[in-house]
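Heads up, there are several structures right after this.
Next, two complexes with chain A in common: one pairs it with chain B, the other with chain C.
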Partner chain A sequence: MRPWVAAILYAVLGAITFVVCFPLLWAISTSLKPKDEIFRWPPTLWPEHVTLDAYRELLFGGSVASAPGAGVPPSAYFLTWFGNSIIVSVGSTIISITVATLAAYSLTRFRFWGQRSVPYIAILGYMVPSVIFVFPMFLTMVSLELTDTLFSLILGYVCITLPFCLWLMWAFFRGVPIEIEEAALVDGATRLQVFRQIVLPVALPGIIAASIFSLIVSWNDYLFGRVFMNSMENLPLTVGVMHFFDGTHVDWALMMASSVLMTLPMAILFGFMQRHLVAGFGAGAVKG
Partner chain B sequence: MKLRLSDRQVGVLFMLPLILAVGIFLVWPIAEAVRLSFVRYNPLRPDDQPFVGLDNYLFVLEDPLFWESFWQAIVWTGWSTVLQAVIGVGLALLLHQPLKGMNAFRGLLLFPYIVPTVVIALNWRWLFNSEIGIVNHLLLSAGIIDDKIAWLSTPNMAMASAIMLNVWKYTPFVVIVVLARLQTIPTELYDAAKVDGAGVLRRFRDITLPQLAEVLAVVIVFRTIWTFNKFEEIYLLTRGGPGTSTYNLALYAFDQSIANLRMGVGAAAGVIMLLLLLAGSMLYIRVSGFGREDKAA
Partner chain C sequence: MTDVVVQGLSKSFGSNQVLKALDLTVPSRQFVTLLGPSGCGKTTLLRLIAGLESATAGEIRFGDKRVDRLPPGERNIAMVFQSYALYPTMDVARNIGYGLEVRGTPKPERAEKIGTVAKVLEIAHLLLRKPKQLSGGQRQRVALGRAMARRPDIFLMDEPLSNLDAKLRAAMRGELRRFHLDLGTTTVYVTHDQLEAMTMSDLVVVMNEGVVQQIGTPEEVYGKPANLFVAGFIGTPPMNLVPAQVKNGVLTVAGTPLPVPLPPNAPAELVLGVRPQDVTMATPGEPGAIPGKVWMVELIGSERLIEVEIAPKIRVTAEVRASHRAALDDAVAVRPDPGHIHLFDPTTGRALTG
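Moving on to the complex of A and B:
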C-alpha cells in the first residue's frame, strides 16, 4: 500500500473512531466536573477543575445498612445494585452455559429423534423479543411468590441468554474433531470420562466466549429488572441508576460517573474477549 | 463412583436440562402469552380472568395508537437498518485494510455494542440536551445551525435521536459479521482481477459485493427483526415521547400491560408481534438456507 493511501486511511479511521468514542469520552469528562461547571454555557470540553466527587458519592456514599430510612439518596444503593447485577449475571450465565454445553455435546455426538428441530427452536428463542417473555414470566413469578428476588431475575435472564449460548456451543462442538474422543473410547474410557477430561478442556474457548456474551446480555438488560423487581435494595444496576432521574434536578456528574462505572466491567471483559468476538459473531451466535 | 452409561443414556441425559429449560423458558411463556391474549386480565385482580374471545385483538386492531406505533416502528426499523448496513459495510471494508495497529481500531469501533443500553440512553440525553448539550454547542459553533435544536422534545428530532442511538450501538454487529466474511474471501480473486486491470471500484462491485451478498441478506433480516421489536432503546431515551411520537409495538405492549393494567391487550399485541416475527423468520430461513445440512450454523 502506498504511504499516502495509508495516511488517508489512518486519518479517516482516526476521525471515525473519535466520533464513535465521543459519547463515552464526554461521559468521562462530565463525570469529573464540579457541579457549577456542568451547567456552564458554552460547555468546557475538559473540566477546568477535576473532581472525583461524583465517584466518591457513588462508592463511599454510605452503605444502605448504615443509613436506613426514607431519606436515603438513591446513590447510596449504588454498590448494592452493582453486587446484585454481578450475582444475577453470573447466576444466569452458569445455568445457561451448563445447559447449553451438555445439550450441544449431545447434539453433535449422538443421533436421536427430534434432533433436527433443536436449531429451529434455538433460533426462535433467539428472535423472540424480551417484551413477549417478560409478562408471562412475571405472572409465573407472582404465583410462585418469587417476585422481587434475585433468583427470579436469574431465571428471567436464562430466557434471553440460553438460545444463543446453545447456538454458540453447538457451532463450536461441530468444529471439534471427534477422532481423539473415539480413540479414548476405544482405549476403554467411559463417555463421562471422555467428556470431562477431553471434551471440556477443548471446549473451554467456546465456553469462555459464550459466557462473556451471556454476561454482557444479562448485565445490560433493563426490562426484566424493571418488571420483576420492586425494592430499592434488590434492583439491578440498570434499573437502579434510572432512579437518579426521579426528582426535579438532574445530577449529570453522578449520572455520567455511574455510566462509566457500569460500563467498566463490560469493557474489561471486552478486552479479554476481543479475539473471540469475530469467531462468535461468525457463528451467528449473538443477540442484539 | 464409577458410572457406566451407554452412549444412548448419556445422550439423553445431556439433553434433559435443555428440554426442561425450553419447556420452562420458551414454550411456557409463549403459551401463557397466547392464553393471556384471550382473557381479560387486570393484575390487581388476578383471580378474575374471564375468557373474552377475540376482544383483545379487536381492541388492539381498532386502537389508533397501535397503528401509529406500527408505522413508527417501520420508520424506526427502516432507517436504522439501512444506516447500519451501509455504515457497517463501509467500516468493515476500512477495518479489513492491512494496516499496522488495526486491532486497536477494531476494538474501539466495536466497543459500542457492549455498552449497556441504559448507559447509552443516559449519555444521549446528556449529549442531546437542548439547553446545555454538547451536540447543540458543537453544531452552533460550527455554524451548521442558528438555533438550539430541541432534540428530544420534538417528534421528528426525537425519532432521529433514537435512530442515531440505535445505529451507534448496533452498527458494530454488522461490522463484525461482514468483517468475518471478508476475511474468508480468497485473495487470489483480487489478484486475478488486478492482472485483468480492474480498478478498486470494479473489484468491489464484481468480487466483494457478490461475495458479501448472502451474509448481508442474513444480517439485514436479523437486524430488521430485532430492531422492529426493540424496547429499551426507545423507552429509556424518550419513553415513547414526546406524546406518542416514538412509540413502537414493544412500547405499546408494555404500556398496555403495565400502565393501563390490561395484560390481555398487551399480550394480544405481543402475539401480533410474534406472528410478524414468524413471518420474518421464514424469510430468514429462506434467505440463509438455514437448516440445510451443509449450511446449518
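Moving on to the complex of A and C:
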C-alpha cells in the first residue's frame, strides 16, 4: 500500500474510532467531574478536578444531597438494580443456552417432522421487533401474576434471545462432523458422554458467542424492564438509572457513573471472550 | 479371534433399498475388503456391522454372539473413519486412550497402552499435540492408534487412506497390511480403490447395487470374474467386453472365428472378455486375429494402449510395449490370447468359463 493511501486510511479509521468512542469517553469524563464543572461553558474535555463522588455515592451510599424529594434516594438502589440485572441476564442466558444447545443438537442429529423448518421459523420469530409482542406478553404475565417479578423479565428475555441462540447453535452443530460422535460411540461412550465430552467442548465457541449475545441483549434491555416492573427494588439497571432524572433536573454525574459501571461487566466479558466470539459468529455466518 | 457372519441383511433408507438380503462371512483373522463403486452399499454394510445403522432385516453375528441389536460400544469393535474423526479438543494421547477411558481402564494401564501403541505407530513424540497440529499422515496414524489401543475383536476401516496423497497412501498400504499380519485381528476394510483391495486383502468382496457380486481372493476376482460386473470393475485398464456369436460350434467375434473351447450349452450370443494385457497386435488376415482400425493410442509409461475398432462402436484395447508404434486409422488386427478368454452369458451376466 502506498504511504499516502495508508495515511488517509488511518485518518479515516481514526476519525470513525473517535466518533464511536466519544460517547463513552464523554461519559467517563463527566462521571469524574465535580458538579459545577459538568455544566461549565466552554466544557472541559477532561476534568480539571477529578472526583469519585458519583461512584462513591452509587457504590457506598455516599451523599444523599443530590437525591430528589424525601425518603430513600434512587442512588441507594443502585447495587440492588445491578444485582437484578445480573440475575435476569445470567438467568435468562442459562435458560436460553441450555434450551438452544439441546434443541439445536436434536435438530442437527435426529430425524423428525419439521426438523428443517424449525430453525428458519425461529429466526423469523427473532426478526419481529420486541415492541410488537411486549404488550401481549405483559398481558400474559398479568394473567400469570408474574408482573413485577424478576422471573417475568427472565422469561421475556428468553423469548427474545432463544431464537437467535438456537439459530447460532444450529449453525454451529451443523459444522461438527457426525463422525467424531460415531467414533466415540464405537469407542464405547454413551450418548450423554458423547454430548458432554465430545460435542460440548467442540461447540464451546458457539456456546460462548450465543451466551454473550444473550447476556448483552438482556443486560441492555429497557423495554421489558419498563413494561413488566413497577417497584423500585425490582427494577433492572437500565430502567432504574432513569430515576436519576426526576423531571426537573438530571443528575448527570450519577447518570454517567452508572453508565460507566453498567458498561464495565460487558466490556470485561468482551475482553476475555472476544476470540471465541469471532469464532462463534464466524461459524454462524458461514454455515448458517 | 472372531469371524463376522452376516445373514440376509437388508437396509433401506426410505424407498431406497441399499442392501438386498446380503449374506457374507468374514473368516476370523482375515483381512477382507469390501470393494465396489460409490453407492454400492459397502459403507452401509460396514456401518451396520459397526452398529451405527440399524438393519431393516437380517442378522449379524460375531462368532456365536448375535450383535445386531447391540449398541456400537458393546460390540468390541474399532473403526477407522475416512475423515479420521479424531476428537478435536483432545490431545493425541487422550484420543488414543478415550476408548479405554470410557471403559474405566485405570490411568496407569491406560498410559502404558497408549505408550505401546504410540511406539508401534511411531507417534510417541506427538502425544501432547492436538489433531489440528498434525499432518494428514499423522492423523491417520492417530486414528489407527485409537483403533488398536483397545485390542478390539474386529477392525472396521472405511476408506482410511483416501485422504492421503498417492505416495503416503502407497506407504500406508504396506504398513496397514503389516499391522494386520502382526496383530491378526479380523479386519473389514471398505474401499473403492481396487489397487488397495488387491494389494492388502486376504479376501475381496465385490459389491454392486447392494448385492455381493463375488467373494474370492484377489487372484480369483481378477483371474476368474464371476460375472460381467466384476470383469468390468476389476483391472486397469478394464477388461475388453465385446459381443460374440457361436456359429456351427465356433466362437466368432466381428465375423472372425477364434480358436476358443466353448463350454457345454453355450448360448448363441455371448460376451467375450479379455484383458488388454492378454491382447497382442497382429496383421490383418492372420488366423485368430480380429482385423480393425486403430481408433486411439495412449502412452501410459512403459506400456502403450492401442484401441482398435473391430466393428462399428466395438473396440478392443491392447496393452503393448511402449516401443510399439501405431498411427490412427492404421489397418491392424488384435489377437486375444485363447488361454485368457472369459465368456459371459449376456442375459444373466454370469461367467460361462471357469
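FYI, the second predicted complex is superposed on the first by the 261 of 288 C-alpha atoms of A that agree within 3 Å, B and C clash if a C-alpha of one lies under 4 Å from a C-alpha of the other, contacts with A are read in each partner's own complex, and residues count from 1 in each chain.
As a convention for this text, a contact is a pair of C-beta atoms (placed from the backbone, for glycine too) under 8 Å apart; a residue touches a chain by one contact, two chains touch by 3 or more.
Just so you know, these numbers come straight off a predicted model, no measurement behind them.
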In the superposed model on chain A, is it clash or fit for chain B and chain C?
fit
Of the partners chain B and chain C, which touch A:Met255 in the superposed model: first, second, both, neither?
first
Which partner chains sit in contact with A:Thr190 here, chain B, chain C, both or neither? Use first/second/both/neither.
both
For A:Pro42, is the partner it touches chain B (first), chain C (second), both, or none of the two (neither)?
first
Let me test your reading of the model: by the given contact rule, A:Leu9 touches which partner, first (chain B), second (chain C), both or neither?
first
In the superposition, chain B vs chain C on chain A residues touched:
B
Would you sort A:Glu182 into first (chain B), second (chain C), both or neither based on which partner it touches?
second
Tell me, in angstrom, the smallest C-alpha to C-alpha distance between chain B and chain C in the overlaid model?
9
On chain A, positions contacted by chain B and by chain C:
190
In their complex, what parts of chain B are in touch with chain A?
3-5, 7-8, 10-12, 14-15, 17-18, 21-22, 24-26, 28-30, 32-33, 36, 43, 46, 91, 94-95, 97-99, 103, 105-120, 122-124, 126-127, 131-132, 134, 137, 141, 168, 170, 173, 176-177, 179-181, 183, 218, 222-223, 225-226, 229-232, 235-236, 250, 253-254, 257-258, 263, 266-267, 270-271, 273-274, 277, 280-281, 284, 290-291, 296-297
Going by the contact rule at the top, pick out the chain A residues touching chain B in the complex.
1, 6, 9-10, 12-13, 16-17, 20-21, 23-24, 26-27, 30, 38-43, 95, 98-100, 102-103, 105-107, 109-110, 112, 116, 118-121, 123-125, 127-133, 135-137, 139-140, 142, 155, 158-159, 162-163, 166-167, 170-171, 174, 190-192, 195, 216, 219-223, 227, 237-238, 241-242, 252, 255-256, 259, 262-263, 266-267, 269-271, 274, 277-279, 281-284, 286-288
Where on chain C does chain A make contact in their complex?
50-52, 71-74, 77-79, 81-83, 85-89, 98-99, 102-103, 146, 150
Can you name the residues of chain A that touch chain C in the complex?
177, 179-180, 182-190, 193, 198, 201-202, 204
